[in-house]
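Same chain, two partners: chain A is paired with chain B first, then with chain C.
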Partner chain A sequence: MHSILQRGNSILAYALSVLACLTFICFASTVLLNYVTDAKMNTVKVVVKNVPDYSASRERNDLGFLTFDLTTNLTGLFNWNVKQLFLYLTAEYKTENNELNQVVLWDKIILRGENAVLDFKNMNTKYYFWDDGNGLIANKNITLTLSYNIIPNAGLLPNIFAKGRHSFKFPMEYTTTRM
Partner chain B sequence: MDLSSIFPTHMDYEGQARAEKLSRIILTLFGAVGLIWGYIIQQFSQTVYILGAGFVLTSLLTIPPWPLYRRKPLNWQPAKNPDNTHKETTKKGKKK
Partner chain C sequence: MEVSNLFDDVKRMNKRQFIFQVLSFGMIVSSALMIWKGLMVVTGSESPIVVVLSGSMEPAFHRGDLLFLTNYPEEPVRVGEIVVFKVEGRDIPIVHRVLKLHEKKNGTVKFLTKGDNNSVDDRGLYAPGQLWLTKDDVVGRARGFLPYVGMVTILMNEYPKFKYAVLACLGIYVLVHRE
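After this line comes the complex of A and B, so read on.
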């Protein structure tokens, strides 16, 4: 503490220690919160095509097209340790090839301060719904679920499944016309 | 000429102790107030800004060697003439 540099160093080090302590308190105050919320989903239009998958094997694989409704209120998830939410909509189904298939169809980032009351009608998916074979045609049980990552200031990166799911079936025939 | 001889930078021992104690108190206080305020409005950034304000205030109050920290300088013995001391030691040596 004798010279100016020593005093500056000491104050900076102590200020950073206090900051680390405050950050830990912020983490500890939110680590036990329950972030599960409700979400309502519905599918509007569902068709399936059989087209060559040039991004993979060039074989003809099933490609699903669907539009969906999504209603949820995520406002309550935001607190002082949440910077943003990463939402994603997953389709889960079972085929002869695989016991469990999971395909992410759509995602969205909601920054803190943005509107977190979602009411989407007839939304298109963002990503292709490819199956790795012919597992979509006449599939009777495809389940849509909404999940989200909570991106915090400090601490864990929880991955949460919203309550509420929607099951639908694909049609028995391929659609050949352009959409 | 050396800058440190124009602008003295040192504090006396008690001044150093006061400066350190004061810096700890101010930083802890701003940290606690920032934490409470940030929790109330649920904005952790405000907590960080308040702590930053505390850091600036502490820097202004305790880094420069204000006169407050220099009230009790050490009482050094006055410097003696180097020639005299030399003679004294030689005298002592002769006596023995």
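After this line comes the complex of A and C, so read on.
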């Protein structure tokens, strides 16, 4: 006869191997999918100030302010192996100090089942647009892109750029009035 | 199997059989070590698999989830990626997302991180006076995700007696059990 311990052991081992197998199938069934989608974005109001950055060096750095429009439909990205999307709007630009600057201005978490059709008008940024120096004033080419990090139930964690980007320039002069 | 039976097995073994058991135990330990070190070589990360220990990245990662890391020097760090980094004076590495990044012409890069579930960036977590992370602080970049599996190690770390009990049982079982 088999003892209780032996029975328990084989039930546990079998359950674990079934779980592992299902998890692997869940991962393998979605690993080759293409997650690229379209997004439309636009800037509405763009100003730049020159103020001390007390959160960092305390030197006077350029601080950009902008509001943006964003339209996209991410419903098609969700499947059984997408637990969450982490959306983020990045400003990318070049300055004298740095060859590449990337600043996340806004982000959003969308869980599966939540509304994934976005249509924002004149949104404020979530984070401050501090430059590392004075490279924003009169900067002619700032590119906004929307990306998303896909968080699966189990599997890879890809970061994907949405198709569609928007370039804008900062004004030639600092704004000194309060906004 | 009862305890008396276990030791009967040992009694019935001769010297050669006992040495064989000890050697096979050594094989198990050394192949585990080889797999870990081999993963370090393949991924380029000093710690290729980490367990999430805090809720600062919820709802993406919860306590006890497992992350697979890579750390290839030729792959640049970019905004939106999830990095695992070490801070001077803290034993436990932190898993957070890159929020801002500045890269100079000569390739030196500095970046700022933030946890998805935290309302402020990580400057308060860094070493006193440290404003940015550099590539040297990075242990790896998160590439794969497996939920819940790390709960076992969290249990073991929180209840050391449980850990020693499990290790002792496994050790005795391998030494005594005969196939």
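By definition in this document, the second predicted complex is superposed on the first by the 178 of 179 C-alpha atoms of A that agree within 3 Å, B and C clash if a C-alpha of one lies under 4 Å from a C-alpha of the other, contacts with A are read in each partner's own complex, and residues count from 1 in each chain.
Convention: a contact is a pair of C-beta atoms (placed from the backbone, for glycine too) under 8 Å apart; a residue touches a chain by one contact, two chains touch by 3 or more.
Small disclaimer: the values here were computed from a predicted structure and weren't measured.
K.L.:
Record, for the superposition on chain A, whether partners chain B and chain C clash or fit.
P.N.:
Overlaying the two complexes on chain A (C-alpha atoms) leaves chain C and chain B fitting together cleanly.
K.L.:
Which partner does A:153 reach: the first (chain B), the second (chain C), both, or neither?
P.N.:
both
K.L.:
In the superposed arrangement, does chain B or chain C reach more residues of chain A?
P.N.:
C
K.L.:
Does chain B (first) or chain C (second) touch A:90, or do both, or does neither?
P.N.:
second
K.L.:
With both complexes overlaid on chain A, does A:104 touch chain B (first), chain C (second), both or neither?
P.N.:
In the superposition, A:104 contacts chain C only.
K.L.:
State whether A:79 touches chain B only (first), chain C only (second), both chains, or neither.
P.N.:
The answer is first: A:79 touches chain B but not chain C.
K.L.:
Using the superposed model, give me the angle at chain A's CA centre between the CA centres of chain B and chain C, as a multiple of 10 °.
P.N.:
About 40 degrees, rounded to the nearest 10.
K.L.:
Please indicate which partner A:50 is in contact with in the superposed arrangement: first for chain B, second for chain C, both, or neither.
P.N.:
Neither: A:50 stays clear of chain B and chain C.
K.L.:
Based on the superposed arrangement, let me know which partner A:37 touches: chain B (first), chain C (second), both, or neither?
P.N.:
Neither chain B nor chain C is touched by A:37.
K.L.:
With both complexes superposed on chain A, which partner does A:2 reach: first (chain B), second (chain C), both or neither?
P.N.:
A:2: touches chain B, not chain C.
K.L.:
Minimum Cα separation, chain B versus chain C, post-superposition (Å)?
P.N.:
Checking C-alpha atoms only, chain B sits 12 Å from chain C at its nearest point.
K.L.:
Can you pull the chain A residues that chain B and chain C both touch?
P.N.:
Common interface on chain A, chain B vs chain C: 3, 23, 153.
K.L.:
State the interface residues of chain A toward chain C in the complex, per the touch definition above.
P.N.:
Per the stated touch rule, the residues are 3, 5, 23, 55-57, 83-84, 86, 88, 90, 97-104, 107, 109, 111, 127, 130, 132, 147, 149, 151-157, 159.
K.L.:
Quick check: in the complex, which residue numbers of chain A touch chain B?
P.N.:
Where chain A meets chain B, its residues are 1-4, 7-8, 10-12, 14-15, 18-19, 21-23, 25-26, 29, 78-81, 153.
K.L.:
Which positions of chain C touch chain A when the two form their complex?
P.N.:
Touching chain A from chain C are residues 1, 59-61, 78-82, 97, 99-105, 110, 116, 123, 131, 142-147.
K.L.:
Which of the residues in chain B come into contact with chain A in the complex?
P.N.:
9-11, 16-17, 19-20, 23-24, 27-28, 31, 34-35, 38-39, 42-44, 47-48, 51, 54-55, 58-59, 62-65
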